[in-house]
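In the two complexes that follow, subunit A is the common piece, with subunit B as its partner first and subunit C second.
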Partner chain A sequence: MPVPTIADPPPSAGPKPQGQPSQKTMTKAERRELQEKQRAAKAALKQQPPQGQSKQQQGGNAGASGQQKAKVPPTPQKKSFGAEVSASKQHASASKDGGASGAAAEELTGKQLSHGLRIFSHFGQPKPVGHTIKGDIHPATIRLGLLFSEFKICGANARCIAMLTAFKQVIQDYTTPSHSTISRHLMTHLSPQITHLVSARPMSVTMGNAIRELKLEISGIDIDMIEQDAKKKLYDYINTYIQDRITTADKVIQELAGKKVKDGDVILTYARSSVVEKILLSAHSEGKKFSVMVVDSKPLLEGKELLKSLTNGPNPIPCTYALLPALPSLLPEVTTVFVGAHALYSNGAVYSRAGTAMVAMMAKANSVPVVVCCETYKFSDGVMVDGFSKNELVPLSIIQKNSTDRGLAPALHLETLNPLYDLTPPTYITAVVTEVGLIPPSSISSIPLALGKTSL
Partner chain B sequence: MGLSAPFDIYAAFNRILNNDQISTPLAAILALTELIENSDAGTMFELVKALNDGAEALQKQASNPISLNAGCELFIAFVTLFPHDSANFTDLKKELIRQGQNYATEALTYRKKIAELAFGFIKDGSILTHSYSRVVMQTLLLAHKHKRISVFVTEARPRGLGIKTAEALTAAGVPSTVILDSAVAYVMDKVDFVLVGSEAVVESGGLVNAVGSNQIAIIARAANKPFYALAESYKFHRLFPLSQYDLPSHNSKILSFPRPLLAERVSLIETPPHDSTQATNDASTPTSDKPDLVPPRITQEQISENNPDVDYTRPDLISLVFSDVGSLTPEGVSQYLVGMFAG
Partner chain C sequence: MVSETRSAATSRSVEVLAQKLRRRQVVGSRAAALETLLVLRQVISKARFSNLEQLVAIIRDAGRRLVDAQPKEHSVGNTVRKILHHIREEFHAATRGTVVAKPASFSISKFVLQGQPRKHAVLPKSESKGTLRENDPDDPDSFARGLKPVLMEAIQDVLDELETVYDNISKNAKDHIHSDEIILTLGMSKTVEQFLKSAAHSHNYSVIIAETAPSYDGRIMAKSLSEAGISTFLVPDSSVFALMSRVNKVILGAHVILANGGMFAVSGSLMVATAAKAHSTPVVVCAGQFKLTPLWNLYHEYGAHDFGNPSDVLGFENGDLVDKVDVVNPYYDYVQPELIVAYITNDGDHPPSSIYRLLKETYDDEDNEL
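Then we have the complex of A and B:
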């Protein structure tokens, strides 16, 4: 089946200077310089019409293109910041006599801005929705990429299941080229699919783990195996993986965590986790009398969805909905906090929706037990000590879609920072509920070994 | 359970428990081996079912299910995981019984091992201990042979087992004093460390022990004194209490407010001044229009009924757990437990 591909536009967008030889003969530095120039010119063109401060802008741009040797921020929006900052700096240094306090203040804000950007630039700016498609990408992957980048599929579990399901289709439609074998070639076919998904939204730990396992399975296929059988084997493998590591694991977690829900309890949860939702619903269906406090926060306001599903139906769970600032007033009433997780690191730290760390910290201060519900396939071998080294930003389009008011419009001196995750240190967590039982966060690292995994 | 008529597991359990050296989990294991002996199960499935039923029957009748559970769980896990390739099921049953009894005999040597481990941490000075524990006794007696120790022991109400400890220690020549449970904070600065036994060591690395252990641990932490727990490995229990009230021993009676016999009677408020407490005063508004009612007497039985037998000590308050598998930190305990049961 021919896979539709959208050809990438040729990279040389601007007209080539006359005297230049072909790009191939240029040195690396030369090529970069050329690129920088082109980009700067483009940005300057874009910015000129709306803003009436073209003089400063241009000066800034010239400064920027001269200065920025290492990394050019990818979007024009960012560029304007960089330009502005350097411009204001130049301005300040020019009027060095220090008479104008306004200039000093300007410099301060400029510094803060540049500081903020420098710290968080590594989070990566979310791509625009209709990002380009490179190479041989299956339609299922393209569809999934769109769903990911629009946050239609958002949770760690949902993304992993969706990815594996798409890969099943990819594998089904795949034919091994005549000169190669499936165990060697399939992965080179899957890699661009993975790259495409990652370009839509950074890969989750769950997806990474699943891909690693899948790769191992693919490389283990006997080269003499008939292609159809091999595909069938992979198909079954993916099904078993979803079944064992996610679906059944969730059921066991439901059962284990359900035991910790007692009559008269007040359960607090933050944002929305599919596992916590299942736990609460199943405990409720068992006839336990408890109430739930759903704490939520901007920008995604996922708790609303949870609230809907908990209060849905003829027999709703008594719920309270509150935003994060109300947390301290709610906590004295709470008996247990249940939260989900995006990933769990081997030092016991929980990487979860931004705000979870605050909930856990406050619960600890109120000596309310904090229970994290997490399948073992979310475990990561790495160690994380803060939420800055790795994170993701919520795209502006998603924020705007979620908020009724326009909120903070993107102003020149103001950029909203919306990290998607944060890291809860193990000291704030009482227990982690996994499908192998309740474990304290300090023993997380021994789980893979206990499960018979000998190497990391 | 079909077997209960010919074989009463609870009677067997109590008979075994009469032996002074045998602790609850071991007695449970031995009772279960007797159950195997008396069982007519023909397959592994039936046998495990019979064992589970027996364990359940035991738990229903026993007053304190936690340590009992630890023993039952250990033995049932052992039976389930036992490689049963022998063709003859009767042989297998015999083997299981033999293994169970061997384990129990071997387990009796654990206390000596633990005493030797803990001995390394004992220096001349004072020790605070709580209630009565066989393994603590053995450790203290061993320490007395080589060191000059003195022991403060809490009274450990409501059962008052601390008195038993003090008597035994005094008889052995160890200087010992019984202190009130409420005097722990008073005595804490005088002791070098706290040494307690255990009912069960749980998966969080925490400790379930006679009520009062938790407050001793908290006071010890506040005074920066080490808090050591001694536990035989058969007391390691796959349980994760999130709070005091999450223990299986917790029931609605514990900490309940006694209901006055007459609905209109204002209880407790007219109690004689010597035991009228602050708490009762603000619990109900003083309505002194019923002075003719007899003030209710609070008996010791009532008090102990409304109070827990055991409490849960958080892992972060415990310095070390000495067990026959080594001196473990609380994290080490939980890792050991995860390794034992997970997977």
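Then we have the complex of A and C:
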């Protein structure tokens, strides 16, 4: 089974904790469980503030880490830290399911899948409970893992920024063991954090790229450097990375793509991309007269959020909202399609929110230009030819939380699949707007080299 | 006096159906066709006429009122056309009894000159002097008395055809779907549902069903199929493109089949068909013959100009968004004939390119405009 490497635990890992024969440990575990349940409930309460606010919290510098740490429950025994974490995760995911029925439904899904089509078996399923990670997990990472798994932080940019900000805290609180050096040891400290985040949700390409760069930076630290200086260096490095590759890149893209919006245009966009949102808002603030069509679809219906921000304020952008099946009726009036991306592969294919490929395909059929807005740090070296080979499923609980209707409960012979991504072939794409300019999708592979990357 | 109350009664039954159609109390092509047929039967049985023109005029009048009530439900007009066609055929069969049988030989030149062979069944009035006599001055009802039993039989035939339409379509299902295939469909179509269930008797296969927002009818379909023991996967509309590469066949339902071989179908069909085309996956449409419509969609492709309730897309729970945003919810897509491989009807399987011929056989040209 071609599973993502670290994401899936061996199948035997699940029932192990329950299989403990000793009566004494059982009761102990039960006591701990109760404790953790209360903690998880508390943590869940804390996570209620909306994404923007929580991001702000994270965006604060590491000086706030003390305050952050105070919020996270202190762990009683240093020795059993790892076990504690996994236990808390168990309960978090259980409570997220909205009680026993939800958990049962998800279990059924898992069981069904093994009976069902084997071609779907590699899709990342919601992680089974009882997944243990060795090593110390920083509270900031646990918090972030929860936010990821509940889709409170969603989107390639937001996830990458949140991860890097959490890592700043992790590095801040890290002390090098006496017998080792920071350049050698820090990565072994970070890797369980990464594993934890990946177990919450499969890693995004952006996160992978950022981690790779960070690793390179860590390994490049001089052994003789004082620890505090090295930390400072890494700290600055992360800040620069966020600044250069994401924040400033977005501003440049905003400017470049903004030139493609003209008076009287009808811009169509799909779901919600932070970059596209910024482009539209800035073009509107420049006084351009255009209207926007927001096309949206299950599973996440993110377009509504975009719609809210576009129509917010005293001077809203004229908007039309429709679901994906209505797209062919809208397209004859559209002048340009703007979409965001999760990742770009070197063959020019765009890996993005499920449905983007359909929008691009229909736009191409109607001779409407399709412009993909994407920072260069989202570029991936690999080649992808099919949205089927790598994908992620949205857990049922998330969908039910996002919409009022309950959908269809899985039953015998019946299964609901909610793939999160699809792959748009390069033939449907007119241009990719990056911070280094507008390029055709066929030239994607040359960009990393042009940016100074020495080897492929 | 008597005739007036009779015609009032029939006109009332026409009016009742027209109201139902207008209020969308009768929805679905087959239901509408059935209701129309029943009303027409009543109209014909009560009608008084002494020649063919009068009968045709009565039926057309009733038909026009029904069609005007719900112009988007094309199966109403189709049923009227079909009845008219049958009436003419029965009339010619009855009157021709005395006339010398037509020469059975057809040549290409004759075909070119005279068009469809059936066409020259239209005979000059003077020749009709058998048992049926039009405009008989002695007994004005004799024509109606003679023709009505045959007409009732003809209507019964159409009725039977409508009632067995699903069985006839799904008769060959097992030849279209094979073991271990993955079929993709969308929305809820009774025809497709029966077709897939019938195929499941002989083959083990999987179905992927797109939910088809905003009605989410796909869920009903998924429930029904999974209960029939078919391995079913329900997916959002957005993932159709990603999954299409693994799909062996796309099976769709139709709302209306047009004369050029294209069709109107539930919105989302065009996207699915285009995605299938991009992956070279065959698209097969299951539909009853009553959906064949002598209409063309050459100039307007805008979702057949029929729109649903916007609150299904963006409900009032979204607060003040509702005030600021235009919401579009078209019912139908126009799917071009190039995207469709075959139509499976109760009258056999046809490529889109031969639909026009089927239309010529089913309806008379003069009825295209009711």
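The rule is simple: the second predicted complex is superposed on the first by the 332 of 456 C-alpha atoms of A that agree within 3 Å, B and C clash if a C-alpha of one lies under 4 Å from a C-alpha of the other, contacts with A are read in each partner's own complex, and residues count from 1 in each chain.
The rule we apply is simple: contacts are C-beta pairs under 8 Å (C-beta built on N, C-alpha and C of every residue); 3 or more make two chains touch, one makes a residue touch a chain.
These numbers come from a predicted model, not from an experiment.
Asker: In the superposed model built on subunit A, check whether subunit B and subunit C fit or clash.
Answerer: Aligned through their shared chain, the two binders fit side by side on subunit A.
Asker: Please work out whether A:260 is in contact with subunit B alone, subunit C alone, both, or neither, and reply first, second, both or neither.
Answerer: The answer is first: A:260 touches subunit B but not subunit C.
Asker: Give one of first, second, both or neither to describe whether A:345 is in contact with subunit B, with subunit C, with both, or with none.
Answerer: neither
Asker: Would you check which partner chain A:437 touches, where first means subunit B only, second means subunit C only, and both and neither mean what they say?
Answerer: Only subunit B; A:437 stays clear of subunit C.
Asker: Is subunit A touched at more residues by subunit B or by subunit C?
Answerer: Of subunit B and subunit C, more residues of subunit A lie in contact with C.
Asker: Taking the superposition on A as described, I'd like to know which of subunit B and subunit C A:336 touches: first, second, both or neither.
Answerer: first
Asker: Contacts for A:369 in the overlay, against subunit B (first) and subunit C (second): which applies, first, second, both or neither?
Answerer: So A:369 only meets subunit B here.
Asker: Given the touch rule stated above, what does A:451 touch, subunit B (first), subunit C (second), both, or neither?
Answerer: first
Asker: How far apart, in whole Å, are the nearest Cα atoms of subunit B and subunit C in the superposition?
Answerer: Minimum over all C-alpha pairs of subunit B and subunit C: 15 Å.
Asker: For subunit A, what residues appear in both contact lists, the one with subunit B and the one with subunit C?
Answerer: In subunit A, no position sits in both the subunit B and subunit C interfaces.
Asker: Given the complex with subunit C, which residues does subunit A contribute to the contact?
Answerer: 116-117, 119-120, 297-299, 304, 307-308, 311, 316, 318-330, 332, 353-355, 357-358, 361-362, 365, 386-388, 391, 404-405, 407-408, 411-419, 421-423
Asker: Quick check: in the complex, which residue numbers of subunit A touch subunit B?
Answerer: Against subunit B, the touching part of subunit A is residues 260, 335-336, 369, 371, 430-431, 436-440, 442-443, 446-447, 449-452.
Asker: For the complex, give me every residue of subunit B touching subunit A.
Answerer: Those residues of subunit B that touch subunit A are 203-205, 238, 240, 242-243, 246, 315, 331, 334-335, 338-339, 341-343.
Asker: Over in the complex, which subunit C residues touch subunit A? Could you list them?
Answerer: 182, 206, 211-214, 216, 219, 222-223, 226-227, 229-243, 245-246, 266-268, 270-271, 274-275, 278, 301-303, 313-315, 317-318, 321, 324-330, 333-334
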